[in-house]
Every structure is written in structure tokens, then in C-alpha cells.
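After this come two complexes, each holding subunit A, first together with subunit B and then together with subunit C.
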Partner chain A sequence: MSIFQRSSRVLAIDGAAVSIVFLIMCAYFAIASPYFLSPDNIHNTFVESVSAVLLAAGLTFVLISGGIDLSIGSNIGLSAAMTLFASMNGAPTVLALLAGVATGLIFGLVNGAFIAGLGVSDFIVTLATLSVGAGVLQVFSASTQLTGTADSSFLALARGEVAGIPTGVLIAVVILFVLEIALIKTPFGRTIYAVGINPNAAYLAAVSVRRTKFLVFVISGIVAGIGGVLLASHLNSVQPGLGGGYELTAIAGCVVGGVALAGGRGSIWRAALGAFFLSVLSRGLQLIGVDPLWFSIVTGAAIVAAVAFDRGAQKWLQSTLRPVSPVAAAATQNAQ
Partner chain B sequence: MNTNENSQSVPVAPADQPLVSVRGISKVYPGVVALAEVDIDLRPGEIHGLLGENGAGKSTLINILSGTVSPTAGTIRISGSESTIATPRDAQDLGISTVHQEQSLAPNLTAVENIFLGREIITGRNRLTGVLDEKEMRTRVLELAHEFGLTDHDIRVPVAALGALKQHVVQIIKALAFRTKVLILDEPTSGLADHERHTLFSYMRQLRNKGISLLWVTHRLDELFGLADTITVLRDGRLVATVDPAGQSAESLVRLMVGRSTLAAREDIVDEGRAHGFTGSRDEVVRLESVTRHPLLHEISLSVRRGEILGLAGIAGAGRTETAMVILGADRPDAGSIFLHSKPAVIRSPRDARQKGIAYVPEERKTHAILGDFSIKRNITISDLKRTAAAGLFLRGGQETATAKRFVSDLGVKTSSVQEKIRNLSGGNQQKVVIARCLFTEPDLIIFDEPTQGIDVGAKAEVYRLIYEFVDQGGAAIVISSELPELIRVSDRIAVMREGTIVGELESTGRDEAASETSELGERIISLATRGAVAA
Partner chain C sequence: MSSFLNTPSLGYRVEGLLAKPGSGLVALLVLFIIAMTFVAPSFLSFGNWENIANQAVFVLLLALGMTIVLIARGIDLSVGSVMGLSAGVAAFLINQGLIFPLALLAGIGCGLICGLLNALMITKLGLPDFVATLAMLGVARGVLFLWTEGTPFTRYMTPEYRLVGGQVKLGGIITIPIIVAVVLCILVSLMLRKSLIGRHLYAVGGSPDAARLSGISVSAVKTFAYVVSGGCAGLAGVILAGRATNVAPTLGTGYEILAITAAIIGGAALTGGQGRMVGAILGALTITLIANAMNIAGVTSEWQQVVTGIILLLAILLDRITAYFKKRQTSAEIEQSPQQEPTPATAPRRAIS
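Let's look at the complex of A and B:
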């Protein structure tokens, strides 16, 4: 087997191209900075990536259905504020957690009601709720200092450890797992793809397109709310501008991971990988001493490079695998 | 063709030589033959009518001539020399302009700005440093504008402020301002009031007198007479005939459109017919009573029983698909009632319809039926995912695959695997998968909307077989088809629709009867479907 065929086999694996770019990047950082692979740094990288990864995972539901949710940035900030506010005022951890999740749910319900119920453009609705959410956080934090809770059980949500693994990361992994199952293994998940591929055909094939569209925004909202809870527990303070721009990082993460903005394609693990990629990149840049002023320029270039490599690999595969596959097909037929 | 080749050396073509000569033009999409070896000649100073039902290939032909679709095979000669029309710009350069059915004007720009869009006249020589020479542009179109009834004011305001007729005129002027030799008009009278239509017709005559060749697509047959010099009829992507309107009536044209010429005999389709027929009790499955949906449907009443195929006949726009949408719950009636199994029912959505035992095979396969990125398996099970799910909650891949394999073998879908993406299949195989999707829900009623459109002859016979099998096992079917021979062949009864109402219901003689009786039935259907709608 030629090196060409070998490499095309590897690249044909779902998400292989992005994973390769990711590993190359890690290798570079590891060589450039001895601290990069230290347990401390790995620990911190995971902990800090939790909110970005969760936002991307929730957003993936909306993207696969062919929609967009911009409101997740202010959603995570406001959810963090609500959960921290509840905990600071003596609410037990469970109630504080519910306050954050409920805030996320409200975002999802409002978005879903306008988009699926009234048929308003998702871009406009979520741009509006993004703005309103950010404004509410500003107003709220102007009158209330969200400087921290003394409730250690609340702080343990993100900061605790189980067998050396941070609880925040564990919770995120469990949520990712549940979301992936919901997307891949349930009838509802399947309808999300169908709606993203062709809403007209899905509708005439007895799929409830409106219900699906409504629910993807609810899920995106709830997951952002959970992200807010973990973020509040991790930071133990909420600044007025918390969450600003997170929606763009999440979208970028999804795109890097290979979730199609046009709908119909993607998965949770790909979105999570893409978001984690960006987290590692920003941490790596800090470690090797890049001037923070340059971060967004390098990040932007890296997003384009990663996506270009992924699409380039796909195109290359399409041109090389075609002559290969009939041979492979013949081989398997002979084997039978 | 000899004359054409000779004329390549002669710059000025003789008067009777075609400006545009299309030979053997075909367009094949994956799974669909949109246009098959069509010939058409457009002569200078000629109004050439182009007729055909939806999906007959008119749009494809227009798109090829205007450079938005590239043909799979065939040649186009412009004034005798072979030409490639790869882009809309090529078409313009060759003197072919198109007035599209949908307004293709920028609504916020003025007529002048629209006409010169992308071809602005600039003061000075350099395109980058020059400024727009608005005066020159205005002067250039003023004469044409006056000729076609636009005032100085009209060409200065955004075109959105103009009426439908004036917007058409702007498009025509746009075409004329740039040495157009061939003008394609795609249903130019849709959206026009009667007197506006007549104004447009007089403009069309003016254009003809200037020696321009007009290719005119219309659904309104009455418009053609007295205006068109030649009429070409397409059906199913093929050229049926090019005729002189003098020897035609509206009815004879409809006959050409729907396949009257092949009413009597179609040996090309091997139709085994109904095997045994349904022997159980023929209970009523669905009944519509005076169902009205403004403004498309008026007082529709029909019913279908188990073991029965009801055909819905009518020309495009008669309300057949709209009737299907009401039964499917995609559209709610304003008045009237629907009965399912003789009980009053409200059908809220296609999903609700599925739960009530109704399934639908959509008309536009590519845009409304297939989920292109999904595998065959997923395209089948999408209609009722809970059927193969464990406890209705978790999809079971093995169960899904087994189900899909059963359908693929029962329905004779030609594929190497049920994991194959549906968009890689031929049109006929795609249609079988869509039918499998319907059968998967175990419905009592399936509505087949143009079930054989764009699929080859062999696949047509197989689709008929699937319809027969479904009703023989106790299902009820409604078949909508623009191909009259097909409708007569498969239906037990035929309801004829015209302008949103049912104008008659006929027992089908079916394929067993003598050919003459079949064509007699065809004649009756055509006259019902067109009477009043066209001036014979």
C-alpha cells in the first residue's frame, strides 16, 4: 500500500484532519515551552476550556438544524451572574444551580418562541437576545456586587476533584456524552439533521420542523446556562461584561471542528474538539510568550488555516479515493 | 444543417435562417433527465411560443440559452456559428436576453440604474477613476422608454415604485439597450391585469417588427393565438412537436402537452396491471366535503375507498397539489369538512396526517422529497423514527438497516448498500425510496403527486406496480399526474380539476379497454380541464 493510500485512509476517518492539525500544534507548543505538558498546565487548560466547549456543544444542535444562536455569549454571562447571586444570598447549591440553568432555559424559550413560533429570522432574534442579555447583566451588576460566595459546596462544582480530575471537567464530559447520545441515538437527534438537510422534505415526511427548531434553541440555552454555572463556580466572581464574544469563539470552535454552518452535518465531539483546539491555542500562545496584543490575529489566522487544511484534505480525498474505492469494493466482494 | 455550415463564411444570415439553432440539447442531473435531445429554431422577427407542463423542461431550456445552466450534450448555433453559452454574460454578448418570471431587477435602483447595472457609462476613459455619466445613460434609454410608454418620471424613481407591467417593460428595455437579437420572455403576463397584458402584447409585436426573435413561455394557451408564429411543445424533457398555431386549438395543444398522441398505445411501458385487486371490504378512507381554501380551492368534494385509485387530472394551477396539501394537513381549509374513515377529522400537520394514516409522495423530488445527505436507510425511516427505536427512545441501527434492506429488496431499489447516500441514486430509485418512506408508516392513504416525473420508462412501470400493490393490499391512493395516459392507466376513477374546483368525475376505462375508448376518455378529460380556461 502506497503512502498515498495509507494517508488517505487515515484522513478519511471522521475528524482526522482537524485532529492531526491539533496534534501538530500541541507538539509545537510542547517543544517551544517545557511547561506546556506539565500536569499543572494540562489541568488548567482543561478547566478553562469547559465553558467554550459546552457553548460549542449546545450551539451544535442549532447549527445542525440549519440555524444560528448568537445569544449564548450573554446567556453564559447572565446565567453565571444569576447562579452566583443565588449562592451569595444563601441559596443551597442545588437551587443556585437551578437559577443558572433556568436563566439559560429562559433564553432558549424566548429564542425558540420567536424563531419557531413566529418565524422570525434566528439571526435577528438571537442578536436581539444577545444584546438584551448583555444589557440585563450590565444593569444587574451595576446594583449588585457579584464578588464571590462563601459556599464551598457551590465552589466545589467546578473546583473540586474526583480522582485527580476537576469536577467541572467531569461534569462537562458527562454533558457532552449525554448530548452526543441525544444527537446520534435518538429520533429527535435524527430529525435535527433532517431539518438541517432539507426542511421542506422533512416537513412533508411527517417531521415536526417547528418543534425541532424550538427544541434546539432550548437545548442551546440550557447548555449555555450550565456553562454559566460552572463558569461562576470556577471564577467565583462575575464582571459586567462576562461572556462577551464567547458566542463567536463557540461558532469558530464548531467551524474548526467541522460542524457545517449550512446545517445537516456535525457532531458533539467535533464541536468539542474544535472549541478545545482554540482554548489550547490561546493558552499555548500565552506560554510561548506571544504578546497578548497579537492573540486575536494569530487565533483568526489559525482558524482559517485549520479549516482550510480540513477542507483541503476532504477535496484531496474526494479526488484520490475515487479511483481507490472501486478497487476496494472489488476486493471486499472477492473476499465474500 | 448544411445551410448553417455554409453560412459560417457568410456574415449576414438569410432572412429565413434561424438566429438560434439548437440541436440535440440535453441536460442530465444526477437522477433526473431534465432535457433530452431537444431541437428548436428561433427565427428573426418571430414570436415562438414554448409550452409544457411543470417539469417539462421549459426552464432548463431557457436557462441553457441564458447561460445559467450548461447542457450535458447538444449544440447551439447563433447565426450559423456554433457557440458556447457558459455564463449570462456570454448570452448577452451573443445578443440573447431573458426577462425572468421573477423580477430580476434591483428594487431600490431606478430604471436607468437597473438597465446599465454592471455596464455603466463612465465619463473619461478609465473605469476606475471615472464617474457615472448619468445624463448620457438617461439619454440613451429615453427614446426606448418613450416608445414603450415609460415617462421621464418613471425612469427616475426606484423600480419598486412601478407596477408589474412597467417593471417588465424596464426589463425589455434593458434587453433592447444592448443590441438584443433574441429575447426570452418567461411567463411575462403573470401578475398583469388584462389591459396590461394587451399592452405587453402590442410591445411584443413591436419587437417582432424590429426583427427580434422572441421565445415566449406561457401557461395561458388563449394568449398564444393571434400572437405566436410558431409553437414548440415539450413534455417530460422531450420535444413533442413544433407546430403552426394556425392549425391548432387550445385543446389540441393541451393534448400535445399531456400526451394525447400516446393515449392509444404505449408499448414502451411494460405494465403488468393489477394482480388480483383488493377483496376486502371497500370502506371509505378519506372524504372531502365542500372544502374551500382561499383563493386556491373552491368547494372540493371527493372520496377514496380501500383498494381504489383516484386520479386527479387538470392543467398546471388547477389546484391538484393544493388539494393534496389540505389532506396532508400542510394547509388548513377555510371551510368544508374532511372525514377519515367516515368520521370528521382535523388534520393539523403532515405529522398529524401520518398518525392518521396518510402519507405523501411529493411532486418536486429534489427540493421536497429527498434528504440528499442522508443514506437510503435514513431517508426511509425518517417518516416514523419511533417504529425502529427501542422503547421509542433510542434508535436501533440494526433494526433500521434490516427495515431498509427489506424495502430495498421488496421495491427493487438498485443500490449496493442501504448506507448509500440517496442523492447518488437515479431518479427512479430515489422515487422508490420516497415511496418506501411512505409505506414504512403503514398508511391507509398515499397521495402520489406526479410520481413518475423525470424518471425513465422502466422505473415508471415499477412505480405503477408499487401503487397497484399498495391498493391491492387494502390501501387507498390518490394519484396526481399531468400525463393523461398515465392517469387513465392507473386510476379507477378520475376527478378533473379546473381553476380550483372539481369540474367532473369520470370512471376510468383503464388499460384493459380498447384503445379507442381510452382516447375518448382522454378527450373528455381534456375538454373538462380546459373549458372556460382557454378560448378554443
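Let's look at the complex of A and C:
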């Protein structure tokens, strides 16, 4: 085995290809802008990416089970509005927090009931709840000014610091850790993969497909609710259109990280890395002075490049690392 | 199935009607229209229906392309942005002094090229449909923003363009966009039902593996679907530029969601292999009717989104009811069939389907 082949084994590690692209991008921004690696910028980048990373992590459960959740965008906006509203009206911090998480839970329950209970297409159901949620947020914020709570412990949720690390980031990391454990180490996590790979086989293996589908939407809703609470605490104001388009960023983040939209493949840390990748990309572009009009083009190109690179790397690895006979190669090509 | 020995009861007949796909949607529309005539009598006026038809054209054109893509088990999220970009191409070229028909063709060509790029990303690079068209959504929108530098293209309107945009009726009777939409509907319907490529679309969507094994080039069929969808978006964009009289950089934003919604409430499924042209028309009409009715009834724009979402959920529920009656009817037929038709081969086949 040549050195070349040995070094290429690194790429075979799960998620290594995306990580390498991420590091190259960071190196480029660091050279192009001296401000990129300053403590201030690193701090801000982490704080601002919290909501995107959390949304992507919650969505990963749904994606692995082979579904899709578009409602998380208006879910995070409405949860932020509810939690801020509660806090502004004198609710204690814990109650305000619960108000936000409960809003997320309601989204998850409604989605789950329609999708798992009635067997309706998840795309349409979550599209409808996205629309209803965004509309309710519009109506709600048109009648009440959602700016500024005086509750300092609520604001400390995202703005405080523990040992120099923002609390919002700490909370997000703990949640990511819990989600990763739930996905990788528990029987429930395995059933999610099973349902995503082949629902019929999972059903025959005595997995309750309906229950699993219901629970992944509930999880996605709750995590988006927590994201809303942190977002409200960070911004301390809620605009009518808050959260609009977040669902597409979250989906893009998951895909860049290597979570398959077809289901059955992915993990929390990969989704989080993908979402963080996109936040860093948009921040870095701002720093090196790219016209904001270019952002959507660059983001679109980055998504295509990341996914194509990931696929290309895997295909290439299959051909270099495991030399196979022409017959077997033809068979695998046919199978694809 | 039923013979004269076993005359179907009235209830059975009603159930049979309910089991027809799309009947739930039609029932919803009829109830909706009846309710609206009480709320606002002007809703039933001829002028308002003309208005609805003219508005529905854009969603309908996009929904036609989307239905074809959905049948082939794809999804095209880029149609809204492509529509805006095509409108920009046509408006810009007219301002540059290109003759009118060529500018229109260039706009449609822009849509076709965007569709082709989508198809190449999906078939050659192996990207998931969702990702490729999501990227195209961002890129096409970004190009339009950069190109217009944030300010709309204006002053490109000519008398001919007023005619094409549907602002002036052809001969005082009917607008060109409606004619275009009707002709395209007939063509697409014929293509889906009668032509080889139509059968191939359903085959690829139903089971890509089975289609490939029976000698159909899956990537060619998918390319066809995306190019048609892009072309429809280009056509809609060119007409929309004539309708809107200026091309803002945000023109067409959010139309992809409307198109997907129209196609899916019309019976197309994201899992592929299903969908009809009539469904796309019904879906586009439903969406436009609801928006129009809410404007007439004076529903504020904040509430419109909530109502749209709830009606979407209602439409899905009706669809489930339709499916329930269909299932009930087939099981009733199976129960009756062994005595009337003793051929053992038919009964099990029915039970499977």
C-alpha cells in the first residue's frame, strides 16, 4: 500500500472530508482578514450560530428517520416570541423558559399527530404548520411590542459567561451531547436509523414505525423551542418575520454535514458541523468585504461543492481502497 | 364490476363518487364558493372570475412543471427564483433594444438552461434533487440581485408586452396568458397520457430500479422533467414581467412553495409516480381562489397566512377521507366478486392492489 493510499485513508473517516474543507475555509479567512481569529469574532461567531446549530441537530432526528420538518423556522420564531412575552409580563425565568419549550412541543405534537397518526405527507403537514406558525407570529407581534424584558436571569441564559464561555453556547453543547447519546447509544436511536433505512423491514422487526415517526417530530419541535428561548434571550426582541428561512439554512447545514435527506445516514455532530460551517462562511464573507448580494450565490455554490466533494471522496475511496474485480465493480454500479 | 343483479344503492353510488381522486378537493371548492357568495356577493361576478383566472396562470404554469418533476420522483425548489431571473432577462434585453419576440424567447431559454443545470447537477454529480434545486434557488436569486443592483428593471413595457402580460385583452375577449395556459395544459395532459415519455415519467417515478431494468434511461427522463419545469418557470417569468411592469430583484420569491402546494393538493405525491394535470389545475385554482376570497372578505395579510395553512391541512384531511372511501369500495367489491366472477385469478390481484 503506497503512502498516497495510506494518507487517503483519513478521508474514509466519517465526516473527515467536510472537516477538511471547513479547516481550509477557516485558514483562508484567517489569512484574508486579521480580524477573523480575534477573540471577539470567535465569541460572536459561536453565539450567533447557536440557533442554526440547534435547529439542524433537532432536524437530524427527522431526516435520519426519512422525513422532513419545514416548520422549525416559524417554530423558533414563535417560541422566541412566546418566551419573551411571558418574561416581559413578569413570569419567573423558569416559567418563561417553559412557555417557549411548550410552544415548540405543540408544533411537534401537531406535526406528529398528522404525520404518524393520519399518515399524511410530512412535507405538506410541516409546510402548513410553517405557514400557520409564521402567520400567528405576525398577528401576535402586530398587536404587542416584543422588545425588552427586564428579567436579568432570563437574559443571562444566552448572554452570561461561565469561565469565559458564553452560557448560550454551553447550553447548546450540552443539548447536542444529550441528543448524540440518545441517537447513538440508546435502542430508541437505533430504531430511528432502522426506520430511515427501510420502514418495512423495521416494521417486520417489531419496531413501531408510527411511534418512532411521532417521537422524532416531537424531538425536533422541542429542540427548536429551546433554540427559540436562547434566541429570545440573545436578541431580547422579536420581529414579526423572525425565523423566516431558518428551515432552509438548517436543512442546508444538515446536508453539508453529511446527513442524508433520504434517511438512515447522519449524526448530530455532523449536522452541527454543517450548520456551523455555513454560519462561519457567511460571517467570513462579511469580514473580507464581499458584497452581501453575493451571499446567496456563494452559499448555494458551497452546498453543491460540499455535497459533491463528499460523494466524490466516497466514490474515489471505494475505488482506491478496495480494489475489486471488474465483475463486482459492474455489479455495484448496477446496484446504484 | 356490479351487474344488473346487484344494483348499487344510492349510498354506494355516492361513495363511488367520493372515492374518485380529487373529488374531495372539488367538494371543498364548491362549499367554499357557496360560502363566499354569502360573505361577499361580488365574489361571483364575471369580472372577479376573470381576475382569478388571470392570477391563477402563474401558479398554474409552475404547478404544471412541478407536477411533471414530482411524477418523476424529483422536486424543483428553484422555480420561484428561475421565474424572477427569466423575467429579468426579458426585461433587460428589451431595454437593450432587442426585438420583442427574441427577448421573450431568451427569457424562456434562460428558464430552460436553469432546468438543464438542475438536471446535470442531479444526474451527473449525483446530488439529491432537494439540494441541487435549493442551491439553484439561491444562485438564481443572487444573480438577479447582483444584476439589478437592488433596484428594479423598469421602462421596458411596450404595447405588445401589455398584450402578452395580460393587461390588454386580445380582441377585447380573452387575455394571452389564459390562452397560453390552456394550450399548455392540453399539451401536458396529452404528453402525460398518450406519449411514450409520459409513460416513462410514471415508470421512473414509480420505481427507478424497475424502470432502469426495463431499459428506460432514468437520467434522460429526469433531465426531461427538470428542463420542462425550468421552461415553464421561464414562460411564467416572461409573462409575469409583462404583468408586473417592473422586475424587482425579489420577483417570484415564495412561488416554489405555492407551486409545490398546488401540485400536491392536486394529487401529486413526493414519493413519485403519481400526479395528474387536472390536479395541478385544481390545486392552482384552489390557492388563487382562497387568496382572492380573503382579499375580498378583507382578511388582513397577517391572518391570510394562518388561514392558508389551515385550509391546506383541511385539504389533506379531505384527501384522507377520499382514500378511506376508495379503500372501503375496493374491499366491498372484493367481497362481492367471488360469486359473480368465479375466476380465481382476478380476486387476489384486486386484493393486492
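In this section, the second predicted complex is superposed on the first by the 321 of 336 C-alpha atoms of A that agree within 3 Å, B and C clash if a C-alpha of one lies under 4 Å from a C-alpha of the other, contacts with A are read in each partner's own complex, and residues count from 1 in each chain.
Operating definition for what follows: a residue touches a chain if its C-beta (ideal position, glycine included) is under 8 Å from a C-beta of that chain, and two chains touch if they have at least 3 such contacts.
Worth saying up front: this structure is predicted, and the values here are computed from it rather than measured.
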| item | value |
| --- | --- |
| Superposition on subunit A - do subunit B and subunit C clash or fit | clash |
| Subunit B versus subunit C as contact partner of A:206, first or second or both or neither | first |
| Contacts of A:150 with subunit B and subunit C, given as first, second, both or neither | neither |
| Which superposed partner A:311 touches (first subunit B, second subunit C, both, neither) | second |
| First (subunit B), second (subunit C), both or neither touched by A:94 | neither |
| Which of subunit B and subunit C A:32 touches, first, second, both or neither | neither |
| More subunit A residues in contact - subunit B or subunit C | C |
| Which of subunit B and subunit C A:264 touches, first, second, both or neither | first |
| Contacts of A:42 with subunit B and subunit C, given as first, second, both or neither | neither |
| Region of subunit C that runs into subunit B when the structures are aligned on their shared chain, from 44-52, 80-88, 170-178 or 188-196 | 188-196 |
| Overlapping contact positions on subunit A, where the subunit C interface meets the subunit B interface | none |
| For the subunit A and subunit C complex, residues of the former touching the latter | 114, 118-121, 123-125, 127-136, 138-139, 142, 248, 251-252, 255, 260-262, 291, 293-301, 303-304, 307-308, 311 |
| Residues of subunit C that touch subunit A when the two form their complex | 121, 125-128, 130-132, 134-139, 141-143, 145-146, 149-150, 257, 260-261, 264-265, 269-270, 301-310, 312-313, 316-317, 319-320 |
| Of all residues in subunit A, those that touch subunit B in their complex | 184-187, 189-191, 193-194, 197-198, 200-208, 264-265, 329 |
| Complex contacts: residues of subunit B adjacent to subunit A | 328, 330, 349-351, 353-354, 359-360, 362, 367-374, 378, 381-386, 389, 392-395, 416, 437, 441 |
